[in-house]
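Structure, as structure tokens:
Chains here go by letter, A, B, C and D, matching the order in which they are written, and residues are numbered from 1 within each.
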Amino acid sequence: MARNHSREILLSPPAFILLAVVILTIAAPWISPYDPNAQSLADRLQAPSLAHLLGTDALGRDTLSRVLHGGRFSLSVALITTLFSLLVGTALGLLSAVRGGWLDELFLRVNDLLLALPEIVIALLIIAVMGPGFSTMVLSVGVVAWTPTARLVRSMAAQALSTHHVEASKHVGASRWFILRHHVLPFVAGPVLAQAALRFGLLLVLLGSLSYLGIGVQPPQSDWGSMLAEAQPHAIRSPWGMIAPGAAIFLVSFCVTLLGNRITHVLGGQDVLATEAKAEIHD
Amino acid sequence: APEKAADPEARVVVANFRAPVSNWALESDDAYVLSIAGCLETLAKYDQGTKTVEPMLATSWKQSSDTEWDFELRKNVEFQDGTIMDAKAVAASLNHVLKATAPARAVNPKTIKKVEALDADTVRVTTPGADPLLPYRMASVNAGVLSPAAYTGKGIDPMHHCTGPFAPVSEKAGQSLTLDRNENYWDGEVKLAGGEIRYITEGATRATQVQTVEADISMSIPATSLATLEADDKISVLKADSPRTSTLYLNNSRAPFDNPELRKAATMALDLPAMAASIYEGAAQPATGPFAPSEPWANPDLAVPQVNLVEAKKLVEASGYKQEKPLEIIAITERAEFAGVGAIIQEQFKQIGLQANVVTKSYGAAEPDVLAGKYDMILSQRNRMIDIADPIGFLQSDYTCEGGYNLSHYCNEDYDKLVGQALVEKDETKRHDLYRKAGDILAEDAANVWLVNEQAIDAVGAKVQGYVQDPLTRYVLTKDLAKTS
Amino acid sequence: MTRELEFIDLSVSSGDQRLLSEARGALRAGELVAVVGRSGSGKTLLTKAIIGLLPQQLRVEGKILLDGQRLDQLDEKAMDSVRGRRISMLFQQPKRVMNPLLTIRAHLLEALGAHGWGKARQHEDRVLSLLEEVGLSPAKQIAGKRPDQLSGGMAQRAMLAIALAADPEFILADEPTSSLDSILKSEVLQLLRRKQQERGVGVLFVTHDIASIQHIADRVVVVSDGQIVDQCPTALIFSKDRHSKTRELVEASLPPLRTLRATDSACLLEAVDAGKNYTRRAKGSAALNPTSLRLHGGQVLGVVGRSGSGKSTFARLLAGLEQPTTGRIIHAHHNGEATRVQVIAQEPYSSFDPRLTIRTSMSAAVHRLPAIQAGERMAQAMAQVGLPEQLLDRRPGQCSGGQLQRLAIARALLTEPQVLICDESTSALDSVAQRHILDLLLDLREQMGLSLVVISHDMDVIRYVSDDVAVFYEGELVEHRPLDDFLADPEHQHSKDLVAALDITAAVPSAS
Amino acid sequence: MSPLATMVRRVLGLGASVLLSSFVVFLVPFVSPGDPVRSLLRARMDIGAADEATVQAYAEQFGLHDPMLVQFGRWLGRFATGDMGISHISGTPVADQVLPAIGVTLSLAGSALLVAIVASILLGVASATRAGQWPDRLITSITHALIAIPEYALAPLLVLLFAVRFSLLPSAGFDSPASLVLPVFILALRPISFFTVAVRSGVCQALDSEHVLAARARGLSSTQALVRHVVPHGLLPLWTMVGVWFAGLLGGSVIVEVIFAIPGMGRLIFDSIVDADIPVAQGGVVVVVACAVVVTGIVDLVHKISDPNVRIGVRHG
């Protein structure tokens, strides 16, 4: 990616918003106005005020502080699973495209299976076995999360490998590594990066749904999803408790998707959502 | 304003917290759904108002020996399919439950030896030992009576097979049971044309349903929705002491809580009124001890434990307990509010120098360790009067040395002796006296920290008339329930 | 009054850039006017501008008159009734311009303005007669087919039927024959000419290949760099004193001036009963039946045959890109090294990775050498194909098709091949560029003793370069002889057809 | 590859997928903490300890203490004869629970996809025909926003708004068309975005294609060309996506089913895993996987038949 491309991506509003969110969550221990776990049962379910900018929750804890701290958890789990799926997916996708044969066949079957089993069911199975928690969350989502990346990489790499120019390169004696490095990786990198951004957004929402169902992060830890679940019963009296974490998930997911879209856009590609769609059409 | 007249064509929709899962097996909790629906009836009935067991399908009963009880059946009661309810049908129904692989808690071979028809109108129930509580057992929903035709090869078919004021006519799997008025009800005219029991396991959804008038009655409203519903003047919210107490179980069998001083300190550290007011939204009362104050066997002298951090700290020091690693509070996921309760306890324990972590687990995952005594604390809640309106089962299984469900691994011979006496005590007042003494021992020993007595909360729409709340969640659709148009 | 389609001072620009400037000309009914010019000269723009279908970002100025009526001032709705009814179009790739989801019948009905519910039946007769008119029979069966079920020639005929459907007065034909092989090309050209004369239609025939239209066009218009630089009756086009651009085009279509025959030398490559069957089943026709053939040093072998006759398959076997399912390919050994074979592909634009600089793509051939040495080799190869070294730092999008094809040859040269296989390597280029590449190839043979295998469906190309001709027909090598013998006395029926087609499109002697 | 070989491979793949997924589900109680038999009993009766004898008797009834492979073999044997087994909680045939649930989910997912298809065609065509202009940019922003919405936050808010506040729609249940509105809307959001993007790019591509130009040259108006030539092509990429999404929604609508108290497949699987009712979970997962594989297979086939680009295949050489 050329330099001005990176600039176009990094100097965009969604990138700024994301950066701000990341900085705020990282700095949460220092900047959040209250201890996120400090209860004040007398001050429960307060509306936003100067003392509590986003109000308080059912235990009188400061919603703003909890959103900031909860973000650390939400974002880091989503980030770890995204990175995991990026690495595993790229490696397996490349392997499958390059090696072909039975490996590819196996890959396709596993993919079919994982595609047929809804993510949330798989997560549920793993949680049933391992019990809820941070690592379970990462694992349960990670088990499936790599497949879209792998499918994308596989199909794009296969596409790259079947081009006339790769055949031409091969025929004048290019090594496997040369082809991978010059013809395949640059072709795959952009869309995969864009897709990773999209996946991050989708995973953030998915992970939130696990917490929301009560099978994700477990109290006293909390993330945006579990905050939503906790706040939902009080939604009529105190909608802020729901709106704040809901908006946080939405904002981050939205911005990161826009960022992904910007990547595909400067690469002259289609909408970032199409990377996911492309990944779905296989075989 | 004068009450509006009831509409004879009206139907009432009840949002129930429980969905039938066992194909209507009467030994399972599905029996409660049939009972709520006004379909299933029992020989006797525990009346919440008079606190006595009263006739229902049986008009009277007598104890013909220590272990034999004869129930005189009501005459001319017909099942909804038109067949006559006779002793044979009743005995068959009860024997069905007794033969179940996983028998009911109140009605099982350990409590009832056999049931037989003496003549057309008399049923004899034989118990293995003297059991003054047998009429209570016969009032439990598991002892319900269905027409012989209900027992089919593929399990139980309740459609038109009950004796109650309402006959089930159709079911939408996993969603609802629809009922029509039983025109031939033995106890007189049924005011409603019919009703529907909707299975809605999400508490918040039940609360919403009564607000949106999709349901007329929503049962077991979660505390979190209480304030909203109470603010709605078209809805009346009914509360009653339920026999459930949220309890912080302490493992009495291993350090540190094998030390009664430390258990007492734990009790003193917790601000129960604040907990009841916050997490429970005032829908629960701070507990005074193992029983709710409204129960006849509760000790009226017991008060809510006062927070006394100074004293508590002293006790902790006196106990000589040196904390090496944080204690663990298991909060079971089945009850959403325990996460918050755990958080509060964690905070308040901190103030007396006890570090604790909250871990959440499904009850199933926690149970093996808890039963094996490998835990520190678990937050759970317990129904003292499961199926029968008497706490003896609870006192026996939960706190005697050999108790089958003694989560806290509590063991006190004096206590065991009292429970043993109560088991065979025929006189109710004396029995209640024994219960109270047993309860006092538990409180004295601070076996657990009883946090709050929960309340049964039902929300009822403005059009409903004649609804009488049953804290034991057995009766909802009754012949007297009515609705204005 | 004869009907007339006239364009006056027609300009097309994109931003500040003039793509077509102040073109002027007229087309009368019953006349066939050829528009010739090199690739990118603006021929397609001209036709699209006339029919009013240029993309919106292009600006059109000037007048277009149809029988004195200003087409450029008509609104879209009025224009819709001119298009197809009075002026229709023929395109280069018939399959690509037909909707793959619809049958030929549906296309025809559309052109008849009869694509509503229930109208199909009424017009069935008209559909069938149109198809028969263009020589497609059984018409009924063909009407029900979809474009991909037709062969190239059939599709082009169907296209013509569609264009004729509404009985237009003018047809704008944009290179309708340049994707066809020689035999089909001559068939379609004759058909077009016949229909044009029967119906008295005016045809504007766009092509880059003068040779193909010299017998049918009444007039020729020469376009170069967006300008009409010359126009005259066809017969006068070959005169020496025409515009230099005209000369360039004419020369590119001239018959061979050379009759050099390479002296026989050692056999480099030999196919022994080499055959290929892509399907695993024993039954079913093989892509290539067992074929035996020898290739000598310095020899130029021309390979012709229809589409799908197995030419490329044979080339891939020779090049070792595919393993034969029967027989084998024997590489001669010279100083312990086997004969090196390289292939130049058809599409210049797809043989280089569009994201990489030419240098990076080229380095595939020499990436095992030290950087300096690799650079030297590349410079040398560039010199051999007559290209400046700066081109190496461009990307494929910044090069013309002819340049890219040279670059592809340069890349092949980096591996120091003895045999170069050119599979339709010039058919995507205009006639001038094509001639330049062929000359380059012949030069390389001259200088380096390269053997060439030139695969083409264009007999002109074969005749221009080959020493020997190999004719493939339905997966079979049906004839393999020296060029002169072949031209004088073709044996196989298909060969005869090829040679006959050559006569029809053959260029007249340059002195005229 | 010949169609027959593809079919055979697909069927084998289906079998393998079904077997593998059912085995994975089957393993859950063996490797997870807690006693599955007690879980089952708890689902029948409220929290409390069943005594050991009851546990034994109950396990005996369903053969739950047999070695793992014996149990799985038994399940397989039954399954081979088309019998999905008996629920360990209700004691009734699993099919009696799974079939109604799949019916519910099919109609839920089907309606959601129908809504998504219609919406995305409108949005996709609208945005493609105005590519680069404000309607296009607006629609693109919407599609990006839709996928970022956490449905578990939106659903309760919509219930508050439409059911509680304005009493326009039911808050839960699955009995009237009105009760479908909110869940279908929420389920449709994400497919709408993905489909819209697919339709948009398909239509854009078709708009650029030569056959549309040729159609105009044949005298078709731009609207006619759009309807007859552009849109049908723009929709081609949609159908495979519909298949994949359909498969995904079959078991993947847990959140919506929980929030709206809909007795669908996602919920059934969710509950049965939580309660350790493995035959039901197995039955559910098997049906979901089978449906998904069959649906994607059919869509693939239809795609291969209907899309000429795929049908012709890429020419080699």
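Operating definition for what follows: a contact is a pair of C-beta atoms (placed from the backbone, for glycine too) under 8 Å apart; a residue touches a chain by one contact, two chains touch by 3 or more.
Computed from a prediction, not measured in an experiment: that's the story for all the values here.
Enquirer: Name the two chains that are joined by the greatest number of C-beta pairs in contact.
Expert: A-D
Enquirer: By C-alpha centroids, what is the most central chain here?
Expert: D
Enquirer: Between chain B and chain D, tell me the centre distance in angstrom, where each centre is the average of that chain's C-alpha atoms.
Expert: Taking the mean C-alpha position of each chain, the two centres sit 39 Å apart.
Enquirer: Can you work out the whole-Å distance between the CA centroids of chain A and chain C?
Expert: 49
Enquirer: Need the CA-centroid distance for the pair chain A / chain D, whole Å please.
Expert: 21
Enquirer: Averaging only over C-alpha atoms, locate the centres of chain B and chain C and give their separation in whole Å.
Expert: 88
Enquirer: Please output the residue numbers of chain D that touch at least 2 other chains, ranges allowed.
Expert: Within chain D, the residues that touch at least two other chains are 32-33, 156, 164, 258, 274.
Enquirer: Hunt down the residues of chain B that sit against at least two other chains at once, touch-wise.
Expert: 204, 362, 365
Enquirer: What positions in chain C touch 2 or more of the other chains?
Expert: Correct list: empty.
Enquirer: Strictly by the criterion at the top, what is the full list of touching chain pairs?
Expert: A-B, A-C, A-D, B-D, C-D
Enquirer: So in the complex, which bits of chain B are touching chain D?
Expert: Result: residues 21-23, 25, 28-30, 101-105, 154-155, 172-176, 198-202, 204-205, 208-209, 211-214, 334, 362-368, 371, 380-383, 386, 397, 404-405 of chain B touch chain D.
Enquirer: Where on chain C does chain D make contact in their complex?
Expert: The touching residues are 51, 53, 76-77, 80-85, 88-89, 91, 93, 96-102, 107, 110-111, 113, 115, 146-148, 162, 166, 312-313, 316, 423.
Enquirer: Quick one: in the complex, what on chain D touches chain B?
Expert: It comes out as residues 32-35, 38-39, 41-51, 54, 57-58, 60-61, 89-92, 96-97, 100-101, 156, 159, 163-164, 167, 170-175, 258-261, 263, 268, 274-276.
Enquirer: Give the list of chain A residues in touch with chain D in this complex.
Expert: Touching chain D from chain A are residues 109, 112-113, 115-121, 124-125, 128-131, 162, 198, 201-202, 205, 208-209, 212-213, 225, 228-229, 232, 235-236, 239, 242-243, 245-246, 249-254, 257-258, 261, 270-274, 276-277, 280-281, 283.
Enquirer: Note which residues of chain A are touching chain B in the complex, please.
Expert: 37, 39, 41, 44, 58-60, 131-132, 214, 218-220, 229-230, 232-234, 236-237
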